[in-house]
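Next come two complexes, and both contain chain A; in the first it sits with chain B, in the second with chain C.
Our next item is the complex of A and B:
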């Protein structure tokens, strides 16, 4: 904690990596000048953030109270002008969503999915045992480091299971500002009925995320929210698309954006299909816990895989040597300066 | 009782073992590593007795009562809090969970732990200074807010000298700690309406001279949060006396008028909600009225253009229209 200084002059912003939180947060690649370490800085523009300010606070406080190698850690958060800067390690491959959108439109190879999945389950096991439900497991909340470790982020949607000094059996609160996560959420969470939901809701989301990683897009993408909800409540389990679940004949009917050839020609292992199926069972009671899933044969048979960075080629980890667009930063600076130029001419007489 | 495996340790044994471990951790002798391990292990045992685990229910009320009694008698709660910085990361959170559960214990309408802490206020004072130390600040925060739920404990904290340190804690450079300190600060000032109103009335000068600093803070988040809280405090009917006093001071009005023009739209908006109280006051003292009159036209023009994009916020637009009308109709009072 004390390692990083809470002043902007210690950090040199190098380029814009992306946006988050509905455009109210920006992630920058930066260098920590005292040590030349490359870092990610997330800047929340608090003046654009109104009621959600609490979410930002919650995310930062909760992330600071969790320590696990598979959960992104925030080294420091401090206020600079109207924004909050959050300093964290650089996750050089970006999020799994970025990887899918840029390099793997039809999905990641099975070995990569397994390595990522194992890390996510590891993180989730810890989160659940510490008494929290994540409530936003999805590819965009899984970040990959330069060495190929997957880390979970997105904790602003999480909620505690320990309420009023008791460990609750079920939770009824609906997460705030969650419109972008609905496709990943479990039927019982979405139903919002008296039975509520528990940490098994995250396991369902793991299943949806597996589909997203395998297919390139989450199931129900592009369908209406009502249809998505009725399908989930009906118990329709989405699948990992390959030659088994997506036979040749079906290709004509589908109007998907992905290349149906590559889907017809690939085959995921039975274990992978089985894990996805276990996760997306309609009845939460039958879904395994994260700990139980980690003992699935899928992970046992998989000790000798290639390291993740090799599996992710042609994607390359970001570093200060990778070419970046300097204009991004210059433009941002200009925009920021312009937006601050609004001048008040009115002077009060006291 | 489990049928297999080690038999359950009794509350007396666990508390004893934990106390010994914390004591040797405090001494920091050669066995520190072993002590650390023992502290963590016994904390988990106590936590599991209270909360249960995925395969075990929490212990029965009788066991929990025994455990609580042992904790009081051994003075262990204070010892744990005093040594919180020496306990490992997960152990610190376990201390908070154990504390928060024991605190909520009830026998009928009595809260025995609350009664116990009233006799040992050092527990509260030690927790309150927890914000001085980065690595325990958030853990202390969760315990403090649980304590603040009880009026008796909130009173001890509000009336302690340490309370004024919060005006510093809410402004520290680390965002998470400042925000957490602010939540605690707000809880203390708003939770028990009558207690809070009395506190603010009797300590008006001291509290508001400190509060002024927050409103002028260089830290944007502090400024915004404290301004918002000020609006909430003044508009709470329990704080009527405090509000009347606040809106009689022309310096406060000047500050709000300047904040209306701040660059940040959120701050402008929060300032509006304090400013409106000055204008709506039917018995404006002369200095207040003079300032409003001197700026009558400017204010009307300013408010006409103020946050016009909030077309959907009906209440805001009604209030704004009301203020404009009030300001237009202002007349100098004769004979004062």
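Our next item is the complex of A and C:
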């Protein structure tokens, strides 16, 4: 914390990377002038946030409280006029949602999914053991560093499982401002009945996120919320789409902008399908814990795989692009690229 | 008979749609209370369709005019027709408030459960002070925001029907309901303590806003799924003038919880102390299962309250005994203040865990309090129109009895039913594949 100065003059804002929190927070690429280090600054517009200020507070406190290499760390947070600035390391590949929207419309390759998934489960295992439920696992809350490590973020939706010093068997609170996360939430959380939910709810969201990473879009995208609810309550389990689950013969009237050819031609491994299935079981009791999932054969077989940055090509880490012009960001080329990014990176929600 | 049934079913499908759940029943062949579950088809009068709205269990055979074989009584399951108020999906009735029905709702944007208080303006106008009280309550509710005070989330208005919809936080039951669900109508002390702390928190907030609730009682203390207590029903609440002395002039609360100063007909009295008294009576009631004052009539009751003498059962020991005496001090000026209650020994020390926690009682047989909006949504999204074969929606009383026996048998075996509502057990299960207008299956 002491390493960075809490004054705006120490930071040079270079470009807007994207928006988060329903447009109430902006993420900027910035340079820390004393060291010329590239950073990400998230500015919460407290005038727009108003009643949700508690969420911002909770996010900052909890993110500072949780110390894990697979969870984003905030170097510093301070108030600047009507906004709260949060300084963190630059996650150079942006969010997974970002990568999907820009480069992988039909989904990421299997090896990339496995690498990301393992990091997410690592973080989740830690969070659960610390007594919290994340409640917002989704691709836009998974950031990828320049070296290809995935970091979890979005902790403002998290809730403690320990209340009054006691570990609760189930939680009944319905997360506030959660409209943007509904498609990822588990049936038992959405049901809001007396049975409540526990950390296994996050495991369900991991399953949905796997579908999102594999298919390019989360299941139930574009579906009305109430239909999504009834589908989940009735136990409809989404799937990873490949030649097995999405046979050629299945004619679709409205395939949209998605290239169904590439879906029909690919095949995910049995293990990947099985992990997704395990995660999205209707009955939370049967879902494995994050720790159990990490012992799944899926993560043993992939060890020889390429590093994530290679798998993510043609996507390039942001620092590389800026690195050429570290001191001269007025370079036209960079400006062009950055401005292009502005258009696409609207899901940089961290 | 089959022909008749077909004719009837035509009738139903023609006008069943708008009959909804608002139709009030006069006596017909069956004088059964109602729920939106089943449609009986009277054998005597084919042209009349009677709207029943109640649990099967409420069917009272004794009320039939003449003996009918159970095979001859035919019901048709009434469709749970989806009804939207703004962005809210309407669910089943939760209870009846002083000014109208309270139903469950689902916010279709956030999928958060809500409750709605439906206020029929036409009805309100006939109640003395009705409109005034409602307006005051709404205005009050809008200005309040505390964890232990019911929150008004949204408001809708239907000018055609002259109905006001007050959308509030969803609560699963009331303290009164919990008391009623136990054999001796009381809670273990440690549980009562937890609720009492929350009641005092909520009261402190209200009093800080210069609001006197004036109708604190177990029936107005709602409990959420999380176990939070919410003070509700501010229908007779009063705002104390900041610049005048703390004196209240009206009393319209519930008699049993009325303090001596109101029972004795005093013209003015300190307002905040009214809530202290009724909170005391509430606590008394919750831990003993009885009331400190009773009377054959309201006059007798007020006479007893006016004397201010009451007994506390032997098993209530200090410091709780002392707290109750302090809260139900006859002279409002001697009565404890909220600050004094906070510092009281019983308040500050959590009682030992004796006895079992009393759970929220089941709502219409559903111990898990599942969303009642789901059946309406399922019907809307999945139920294929089956005009050609309406017979699968018909059930005879005989079949119902068999079902009921089976159901009870299942239940007594203690099989832990998963959350799926047992109500729709006669519906043919429709697989996910036959869903109509379901865009979610397709990858877009």
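Just so it is clear, the second predicted complex is superposed on the first by the 314 of 350 C-alpha atoms of A that agree within 3 Å, B and C clash if a C-alpha of one lies under 4 Å from a C-alpha of the other, contacts with A are read in each partner's own complex, and residues count from 1 in each chain.
Rule of thumb we're sticking to: a contact is a pair of C-beta atoms (placed from the backbone, for glycine too) under 8 Å apart; a residue touches a chain by one contact, two chains touch by 3 or more.
Bear in mind that the values here come from a model prediction, so they are computed numbers and not experimental data.
Of the two partner chains placed by the overlay, only chain C lies in contact with A:182; chain B stays clear of it.
Looking at the shared chain after the overlay, A:82 reaches chain B, while chain C stays out of its contact range.
Look at A:60: by the touch rule set out above, it reaches chain B but stays clear of chain C. Taking chain A as the reference chain, the count of touched residues is higher for C when chain B and chain C are set side by side. When both complexes are overlaid on chain A, the residue A:244 reaches neither chain B nor chain C.
After overlaying the two complexes on the shared chain, residue contacts for A:316 are found with neither chain B nor chain C. Touch criterion met: A:174 reaches chain C, while chain B stays clear of it. Counting contacts by the rule stated earlier, no residue of chain A appears in both its interface with chain B and its interface with chain C.
Residue ranges of chain C in contact with chain A, taken from their complex: 89, 106, 108-113, 170, 172, 224-227, 359-360, 367-371, 374, 377-378, 381-382, 418-419, 432, 438-440, 442-444. Listed in rising order, the residues of chain B touching chain A in the complex are 51-52, 54, 58, 89-90, 93, 97, 100-101, 103-104, 134-135, 138, 146, 173-176, 178-180, 219-222, 224, 250, 254, 257-258, 261, 263-266, 291, 294-295, 298, 301-302.
Put simply, chain A touches chain B in their complex at residues 1-2, 6, 46-47, 50, 57, 60-61, 64-65, 67, 74, 76-79, 81-82, 84, 86, 130, 162, 164-167, 289, 340, 342, 344, 346, 348-350. Considering their complex, residues 172-174, 178-179, 182, 188, 190-196, 215, 217, 219-231, 233-234, 236, 241, 246, 252-258, 260, 263, 283 of chain A touch chain C.
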